[in-house]
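The following pair of complexes shares a single chain, subunit A, combined with subunit B in the former and subunit C in the latter.
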Partner chain A sequence: MGKYLVKRIVLLIPTLILVCLVVFIMMRCLPGGAVEALLYKLQAAGDTTATTESVERMLGLDRPAVTQFFVWLWGVVRGDLGNCFFQNETVSHCIGRQIVPSLELGFLILIISNLISIPLGVFCAAHQDSISDHTIRIISLLLMSIPVFWIATVVLIYPALWWRWAPPTEYVHFFDDPIRNLKMFIVPAILGAVTNCGMQLRYVRTVTLETMRADYVRTARAKGVPQRKVLFHHALRNAMLPVITLVGGSVAAMVGGSVILESLYSIPGIGALVVTALNNRDYPLVQGCVLVFSFIVMVINVIVDVLYKKFDPRITLE
Partner chain B sequence: MTKIKDFCRAKPSAALGAFVILILVFVAIFADVLAPFKMELGTLPSDILFKLKKPYWALSELDKTMEQANGTIYWLGTDNLGRDVLSYLIYGARTSVILCLGVSVLTTFIAVVIGTLSAVLGGWFDLIVQRIVDAFSCIPGMLLSMILMSMVGNGIWQLIFVMSLPGGIGQSRLIRSSVIAVKDAGYCRTSDVLGGGNLWKMLRHVVPNIMPIIIVTAAGGLGGTVMMEASMYGVKVGTPSWGYMITNQGRANMYSAPQLCMFPGICIAVMVLAANLFGDGLRDYLDPKLQGGVGTYDTKKIKKIADKYRKEFEESCRVA
Partner chain C sequence: MEENILEVKNLRTHFIGKNGKQVRAVDGLSYSVKRGEFTAIIGESGSGKTVGALSLLRLIPYPPGLILGGEVMFDGRDLMQLSDAEMEKLRGLEISMIFQEPAAALNPVLTIGEQITEAITTHIKMGKQEAWEKAIALLRMVDIPNPEERVKQYPFEFSGGMQQRAMIAMAMSCEPKLLICDEPTTALDVTVQAQVLEQIDHLRKQTGTTVILITHNLGVVARHADSVKIMYGGKIVEEGPTEAIFADPHHPYTVGLIRAVPRLDRESGKLFAIEGEPPDMSSVPVNSCAFAARCPYADERCTSERPALTAVEGKHRCACFHMERVIETREEAAADA
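On to the complex of A and B.
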């Protein structure tokens, strides 16, 4: 186990370097540059000495691309992601500030959607082809089909018009004022969860049904084990294995995916940060964000594999 | 033909989904005929005097008669440029259908090319390609799409490319693993022995044999594609688009003209629903792992089949 973990973690490094390379190349291929934007900004601020060359030198863009890449990579190795082009901040500080609300939102979405989808999915599987099963499945299909940005817009605007209620737009740290913080997050979290849980519910149902057809479940039934115990002890424990993979995947999707919710509910998250950075061509910031995202995804993949091993002794990790 | 009939009987909800998609394709093809207001030079006729009109049924009697007298009936009202919403939605179906078809085809194509090449050529090529695939699949798809989007610019063909690449790279792993299962089969080795090249082997032996898997992955991703098309909302593709309508007009005029947000939303929901139903059904129908398994566990059916076989058996006994 320990050996396997070490191997996996060592193997993360080449992939991370490759991610760096891919992102770096993609960023340098973007048309339009940060240089012009910054030059314009400086000149507008009354700095007449600024020229294209001086700005380039300031940002470190006058060196050849290969040098730039290795300089950046060496910085990454030392834990220094560089400075933002447009804010007077280091990239790591900027990301560290913005990632907290994003993680909170993702975490809430994950908890709520699992709380909805796993019990209901198991319920559906236990009562297969009953009326409640059909109703829940139809509702989950409908939920899957609603575009999140549409329902988020509707939910944002109508309560405001009808009851003069809107979630607070100013972000407060959770530990400063938990109630106010949750007030802001609860609506987007529920929306994200509701649109996410449809697929998860169907998956949980399918997987549970599959395990309920397994031989060991039949054996348990034949022995006279009560239904509840069969469901929770024999079927559910095995059904949860593929669900772990699914949850891991949705964590990965959530890391970069709630841009829409963040921008609509004015949550100062990392999604909004990436979008502005991308529009500004803030190379180090975008590179840093992508790197952080990819790192999170990779770590989650490793965790999922390890958990799999933990829950299923049949699996041998090479 | 019998296969289609069989499919409809086995998966009625999937058939319904396919029917809705066919209707949408029909609307997309004949948009010029169906739309009450025709597009001219790539834009719908707009009349600022008639902006933000209510849908026809919500009008007062006087307004209804006035619209009839003018000969311009806006069944679903107008947007803030005075364009007919119904026509906009009909032309929007064209964009959605083109995007969905394009993205599905291109995604599958990318996945099959990368997966098959990687698996068949093997060796160093496989190792390098797989590491690149690993790197790409670590970057969240939405983010990758946004970066690519600013790389290639706006437009419908660019959007198709941008939406296909992350999905294609992700799916290529699945294709690769299924190719690996096939490529050492007898017929592939025979082809090698007879001097067939790698390209011949891929096109003639490998790809036809993993066709069900290809179709299943393509169908399974259909709903997600429609949803993603609608969610890439900040993007103006140059043609009427449902997602663009919601974010650019619906949100601003939500209270005065709710139709601008509601109708495109419903259109998207219906299309995603249909695509999901069809995709799921087709996957269940074709996927050998699920054959006779989940969802088709019908005791009546099994009894029927058992009865049929018993009868046949009894008859054969009688004959003997």
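On to the complex of A and C.
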């Protein structure tokens, strides 16, 4: 087990280097450049001495691409992701500041959506084809089909119109003022969870139904094990195996942040940051964000694999 | 010994399809089993033998399956009248079942020990440690080597034969009065098949448990069973003591089944097969012999009236209108050979 973990972590390194290379090349392939944008900005600010060459030199873009890559990579190895082109701060600092609210939102969405989807999915499976099963499934289908931007807008506008209530728009750190922080996050978290859980609920229902029809469930019933215990002890334990994979995947998706929810609820998250950085062609910032995303996704994958081993004795980690 | 432990009367289990089509999987099944007896129920796939056995324990998944009626008298009680809770108490304690394909019938994420102790503690008040010791003893009883270590392993670490023996240990853990084995050897190698059946027979003699063996393997039956019931189209078409059925079959289907067994002691070219396919029990008319469509002796009466089981000799009974003609042809064929 320990040996396996070491192996997996060592293997992360070449993968991350590959990610660095790909994202570096992709950024340089984008049309339009940071140089023109920054030059325009400087000139607008009244800096008449700025020229294309001087800006290029300032950003380090005058050197050959290969050199640029290795300079950046060497920085990454030392934990230095470079400086933002447009803000006067380091990339690590910028990401560190913006990723916290995103992680919080993602974490809340994940918890709420699992709290909804897993119990309800199992409930639907246990009461297959009952009225409650049909109702829950229709609602989940509805929630799956509603676009987040629409429902999020509606939920933002109407309480404001009717009761003059809106969530706070100023971000406070959770540890500074948890209540104010949750006031801001709870509505987008529920919205994200509700739109996210429909698919998962249906999936949980399907796999639970499948395991409930398995031979070993019949064996347990033939042993005289009570229905409820058969469901929780035999069927659910097996049904949770594929669900772990699904949840692991959605964790990875959460990390990227929800651009729509973040911008509608003025959450200073990483989703909005990446979009701005991409529009500005802020090479180091985009590269840094992508690198951090991939790192988190890879770590989650390792965690999911280890969890899988915990739940399924048939898996051997080699 | 002469008392019946199980009497099934006119049991009917149907499967109802989405289009309203009713498949009469078990269609008026009646038989009785004596205490301590080794009974074999033989039939081809789709003859209703498994559904019939699952119906006894009321383990038919609904929907689509539904037990429509009948009586199952077990040890003086009608199982069809018991409450669900009473039925749960009875399963595993008084009637146990062994299934085909042990690899699928054992839960892959629980250890063998956990699964056996669950069977014990569900019915008997016993400490965890004590139940665990009993599980080890049970594994030893079914000849699993090194049971102290094996009990901690998962089903995938067992071979097919060992899995089935672990299933037997689990089924026998509460010393049931009746053990139903549903094709216990189907997924196993031939040599392992013999061992597993030997095991079942041995335990039966030791504990006095009544055994119903569901199979389509006639060789197995001839060796172990005291009596045989031939099932076709959801009901018994012929039953009797094993020797009588093999030496003197009266039903054309039984004759066909026995002829279809490959013989090593005889020069034979092609294997014999019964013409046609198993009946679709949604389209066979209720008032007809289910075998009529494949039967060389079938006439008008066979398609308009259902033959009842009638005594042939002693306990040997057969449900056919043309028994005399069957025997005639059979004797002619024997004379030719």
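We take it that the second predicted complex is superposed on the first by the 317 of 318 C-alpha atoms of A that agree within 3 Å, B and C clash if a C-alpha of one lies under 4 Å from a C-alpha of the other, contacts with A are read in each partner's own complex, and residues count from 1 in each chain.
Assume a residue touches a chain if its C-beta (ideal position, glycine included) is under 8 Å from a C-beta of that chain, and two chains touch if they have at least 3 such contacts.
This structure is a prediction, so every number in the text was calculated from the model and none was measured.
**Student:** In the superposed model on subunit A, is it clash or fit for subunit B and subunit C?
**Tutor:** clash
**Student:** Who touches more of subunit A, subunit B or subunit C?
**Tutor:** B
**Student:** Report for A:225: first if it touches subunit B alone, second if subunit C alone, otherwise both or neither.
**Tutor:** A:225 contacts subunit C only, not subunit B.
**Student:** Give one of first, second, both or neither to describe whether A:73 is in contact with subunit B, with subunit C, with both, or with none.
**Tutor:** After superposing on A, A:73 lies clear of both subunit B and subunit C.
**Student:** According to the stated criteria, A:237 is in contact with first (subunit B), second (subunit C), both, or neither; which is it?
**Tutor:** Second partner only, subunit C.
**Student:** Contact-wise, after the overlay, does A:213 reach subunit B, subunit C, both or neither (first, second, both, neither)?
**Tutor:** So A:213 meets both subunit B and subunit C here.
**Student:** According to the stated criteria, A:161 is in contact with first (subunit B), second (subunit C), both, or neither; which is it?
**Tutor:** first
**Student:** Which partner does A:314 reach: the first (subunit B), the second (subunit C), both, or neither?
**Tutor:** Touch partner of A:314: subunit C, not subunit B.
**Student:** Superposition on A: which subunit C stretch among 290-298, 308-316 or 326-334 collides with subunit B?
**Tutor:** Clashing stretch of subunit C against subunit B: 290-298.
**Student:** For subunit A, which residues lie in the overlap of the subunit B contacts and the subunit C contacts?
**Tutor:** Looking at subunit A, the two contact sets intersect at 213.
**Student:** For subunit A, which residues count as touching subunit B in their complex?
**Tutor:** Going through subunit A, the ones touching subunit B are 14-15, 18-19, 21-23, 26-27, 29-31, 128, 141-142, 144-151, 153-154, 157-158, 161, 206, 209-210, 213, 252-253, 255-257, 259-260, 274-275, 278-279, 286, 289-290, 293-294, 297-298.
**Student:** How about subunit B: which of its residues touch subunit A in the complex?
**Tutor:** That would be residues 131-132, 134-136, 138-143, 146-148, 150-151, 153, 223, 227, 230-231, 233, 243, 246-247, 250-251, 254-255, 261, 264-265, 268-270, 272-273, 276-277, 293-295, 297 of subunit B.
**Student:** If we count contacts the way the header does, which residues on subunit C are in touch with subunit A in the complex?
**Tutor:** Subunit C residues touching subunit A: 57, 59, 61, 63, 84, 88-93, 96-97, 99, 101, 104-111, 118-119, 122-123, 154, 156, 167, 170.
**Student:** So in the complex, the part of subunit A that touches subunit C is made up of which residues?
**Tutor:** Listed in rising order, the residues are 129, 213-216, 218-227, 233-234, 237-238, 241, 311-314.
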